[in-house]
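Worksheet for the structure shown next.
Order of writing sets the chain letters: A, B, C, D and E. Residues in each chain are counted from 1.
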Amino acid sequence: MGEYFKELFGGTKSLVVGLGITIKHMVKPVVTLQYPHESLKMSARFRGHIELLGDEETGASKCVVCGMCQRACPSGCIALAGEKPEGAKKKVLTSYVLDFTKCSLCGQCVESCKFGAITFSKEYNLAGPRKEAYIFDLKKRLEERSG
Amino acid sequence: MMFIPEPLRLLAFVVGIIAFIALNAAYLVWLERKVAGHIQRRIGPKEVGPFGLLQPLADGLKLMSKQLLVPKGVDPYLFKVAPLLVLVPAVMSFVTIPFSENLVARNIDIGLLVIFAFASVNVMGLLLGGWGSANKYAVISAARCVSQNVAYEIPMLITVITMIMVTHTMNLNEIVMQQDGSLLNWYIFRLSASPLMPVAFLIFFTCSLAETNRAPFDLGEAESELIAGYHTEYSGMGFGVFFMGEYANIIIGCSLATILFLGGWQCPLGLYPGWWWFLAKVYLLIFCVMWIRWTYPRTTLWGLLNLSWKYLIPISLVNLLLTGAMIKLWPLLKTFLMGAS
Amino acid sequence: MISLFTAEGLAGLFFLFIVAVTISGGLIAINSIRLPRAISGLALCFVGLAGLYYYLNSPFVAVMEMLIYVGAVCVTIVFAIMLADPGDEERIGHQSAISAPVSFGVGALLFWGMAILGVNTMWPVAAAKINDGSVKAIGHSLLTTYSMVFELISVVLLLAIIGSLVLARAGRDKS
Amino acid sequence: MSDLARSQNQETFVLNLGPQHPATHGVLRVKLTMDGEYIVEAEPVLGYIHRMHEKMGENRTWAQFMPNTARLDYLGALSYNHGYVKVVEQAMGIEVPERAEYIRVITVELNRIASHLLWFGAFVLDLGGFTPLLYAFDDREHILDLLESVTGARLTFCYFRFGGLYNDIDDDFVTGSRAFIKRLRKRMPDYHNLVTKNIILITRLKDIGILPGEMCRKYGATGPVLRGSGVDYDVRKNEPYSVYPELDFDVPVYSECDSMARYMVRMDEMEQSMRIIEQALDKLPAGPIMPEKVPKILKPEPGDYYSAVEAPRGTFGIRVVSDGTNKAYRLKLRSPTFSNLSLFGEASQGMLLADALALMGSLDLVIPEIDR
Amino acid sequence: MNILNLSNILEVYLVIAALLFGMGIYGLLHRRTLIGMLISSELILAAASLNFMTFSRFLAPDPTTGQIFTLFIMGIAAAEAAIALSIIIAVYRNYKSIDTEDVAGLQG
């Protein structure tokens, strides 16, 4: 009999305590961020999709078309090409395409780059209606930014 | 009032009740989402209209514009009738609920019984809906709903019988009238009727939670077990009507609790009584229902039956006995005390 | 002559509706091939009957009809169908071709006979009522005149509960 | 209907739990043969999101396989990272700087707390309580913020490198971690009062889903499932690795074998992880995070290497066979949930559907890790 | 006789009751499943109750008698339904059918 009442009162008490906790939280301010109206500040190290870095003076890409990033990429989403103009010492980048649909944001490309030519973008809310919207021509994006 | 013919008055009430239920179902969903949101430290609906107040409208439009899919292999008539079987009895139950002294569609002597009679049809709707869906989850859910409803009807009716013994009437208006005056006249605090009155209120409230399939007794639509239970296969307004019926039943449960225990439209402060007091009390109870829903995990069928047979039924029986004893003893005791003083 | 647009007229109209509900419910109940539909017909019929009882000045019995028949008996039958799952009647059993007309004939004959009997009998003039037949009066006679029957009914119900439990369990143990 | 059920003349039916079902947390399908609400037979059907990680490991260079390990169990990514770098370091004989090991332990334990928090919320959600999930998410977000600030990702961390780390932690991370631990310590009583002591939860978990230690051993269950069955086995203690031997922590073991025991093990593990993090933060040495010389192209000596770590869900073992090239010859992953789930079929026999789902929740399934 | 005044006429109820009774008998003979027969028998009981109620309302000096009889019929019907259905389920468990033909072996 004692056990019965102990269970009854103990159980009821636990239920009341639970109610107390939820009401306590109810009167506290909300913790969520109202996403489309407020946007999130990404941390400095946030790994978004990659972006080409331009030279500070000329604005041209620092890439020397060594192909390390292409080889490092596990998903094979980087395609780049370059040519050696007449008389130049280094190769010049002609196209750098990132297929973001395959990218797993591992960051191996950035790590493998010895020349600091690529970096992570801080863009995080990417959305688009078509697959093609995620095939980024990074060279064009670089030119648009610098010019 | 006198020259309005009774049928027209009834018709006006029925239309009013349907509007009341529809509005309430819509805005209780809004309220539920807001309560849930704030309990979980979120905001809840906010995009449509100020404070998301137009959200129910958007939801309603969405539900109405959706196709009512009738799955293969179901009985199409039963499938379509089942949601109505949940909603219509709920609407009918409102006929006897007094919102205030005069604001009652039909003030009949057996009002309390009428509500239970209509409420019992509700089970039929769930059963036909669940079973008519030709879906195994829905069948399990329907079976659960019925066992739950039947199990909890026992303590609920015992408590109601206790109340009838105390009030000597099944007329809801009269029950409210008896609770006139100070706060201590509310039956929940009327310890002279039975010392277990507050417990009786708790039992009644718990049972009405179980009867309306609300959490923590929402075994019927346990989403992590049975997807959506008996309305898994319903889309569009089929689902919408089930939903309205469910909310209407919650309002009925809370109204009954208010009428039986919390003094109906009577005002605790001695101010002018009125329907707003009634609604305030009902909404307070509805808030508690929501609060409970967003706090507890779900019970199982065994836990539920255990609670009913091990705690609710014995305690309500004890209450019944105590009330009977008090009815006989209290007058004696009172005269004895009077004589002593 | 009662005009349609009075309380009595509307009540009369509603009575016709109730009768229609009762009869159509009964027809669905006996004619549906699908059992669940038959039961919803039965429930409809009981709702109609409750309405008829209301017109017979006994709202209490009407409410009890709803509570017990619609809320309990029909639900129990649906439950039994769920457990036994017999499927549609068409699928099962074979019956001789004459069964339907013969049973229809018997039913119609009984109906005809009883209806004729009911209509043609000169019923005695109603005696003076000794009470109003209200809930209070019912309760009073239940606990005085009919108390023995009342007790027996409860014993019967108790036995029914135990009996059905035993039957249901026995079926289970065998499997 | 199975032959067994048919022969016993039971009224059974088959219920397909999944592949799309709220309780399976993903695309797991469990074929249940039911007698009413009782389960006669349960057969988990896997493979709905199989991605051939093992085969991918044989076709990618050692470094390129790294992101895959984060995608096995997306809730405990760092433990899987750790397991992988550990086996490659073992194969290559790379020494890891002490600071890097400490940071590894700190981040892995943070990740373990995040994983357990999410499990806690999802488990209570399985039992029908929605609110604790959101509270747990609130706390978990803080961990993800911390981890994002060092790793750059919120879920599929790819933080460890052969020999060390991708980048160093800063003071903000250290103070943030300490602040987080303080915050979580304050929140734990709320969780216990709201959930653990709740009578409804207790009745749903106590003596439900008994997994005897013998059964766990038979199926190779590990992690909290095993420790909830009274077997004191934790890779961090039994086969010490990294800097765990230098840190003082307990391995919570409960011998009730029921769902409640597994629940309590995880709740206690969160406390222990907090202890580990605090100690590691105190002891955190200065120094480099990468060894001075790491070969550019990894070509381990031909051989057979195995290494195991304690992931949030149990022992994550990884075995690689190298043939001396820059790719693995064979790569085998031993994921804990796969063995833990295997229990379900036997353990759920004769249980009620609701209880079986509580049992399934207490196993803490992450489907991509089962299917690999 | 006004069509709107039917509710006050004794014979109307008697005819409805007779109709329900006839339907019940027809169903009882025609139905092939036990549950179908149970449904029909419920209709017969309903017809009887309606008759009781009618006479009680129109003829009896004590209007409670008929009501009480009806209440008793309800009690009996509930008990009957419970017992009948558990028998049906028990029969179904053994015969895998609730067809009257199939369970003919129950006799004797």
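Operating definition for what follows: contacts are C-beta pairs under 8 Å (C-beta built on N, C-alpha and C of every residue); 3 or more make two chains touch, one makes a residue touch a chain.
Keep in mind that what you see is a predicted model, and the values were worked out from it rather than measured.
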| item | value |
| --- | --- |
| Topological distance between chain A and chain C, in contact steps | 2 |
Remaining chains grouped by touching, chain C not included: A, B, D | E
| item | value |
| --- | --- |
| Chain at maximum distance from chain A, centres defined as averaged CA atoms | E |
| Chain at the geometric heart of the assembly (C-alpha centres) | B |
| Between C-E and A-B, the pair joined by more C-beta contacts | C-E |
| Gap in Å, rounded to a whole number, between the CA centres of chain D and chain B | 44 |
| Chain B-chain C separation of Cα centroids, rounded to whole Å | 28 |
| Chain A and chain D: spacing of chain centres that average the CA atoms, whole Å | 24 |
| Chain B and chain E: spacing of chain centres that average the CA atoms, whole Å | 32 |
| Two or more partner chains touched - positions in chain E | 93 |
| Contacts with two or more other chains, residues of chain C listed in rising order | 11, 60, 64, 72, 79, 81, 175 |
| Residues of chain B touching at least two other chains | 39-42, 143, 294-296 |
| Complex contact set, residues of chain B against chain A | 35, 37-43, 46, 291-292, 294-296, 310-311 |
| Of all residues in chain C, those that touch chain E in their complex | 1-2, 4, 8-9, 11-13, 15-16, 19, 22-23, 26-27, 29-30, 35, 38-39, 42, 45-46, 49, 52-53, 55-58, 60-61, 64-65, 68-69, 72-73, 76-77, 79-81, 83-84, 86, 89, 92-95, 99-100, 102-104, 106-108, 110-112, 114-115, 118-119, 123-124, 126-133, 137-138, 140-142, 146, 149, 153, 156-157, 159-161, 163-165, 167-168, 170-172, 174-175 |
| Touching residues on chain A, where the partner in the complex is chain D | 10-12, 14-15, 17-18, 21-22, 25, 31, 42-47, 72-74, 104-108, 111, 120 |
| Touching residues (chain side chain E, partner chain C) in the complex | 2-7, 10-33, 35-36, 38-40, 42-43, 46, 49-50, 53-54, 56-65, 67-68, 70-72, 74-83, 85-90, 92-94, 97-102 |
| Chain C residues within the chain B interface of the complex | 6-7, 10-11, 34, 36-37, 40, 43, 59-60, 63-64, 66-67, 70-72, 74-75, 78-79, 81-82, 134-135 |
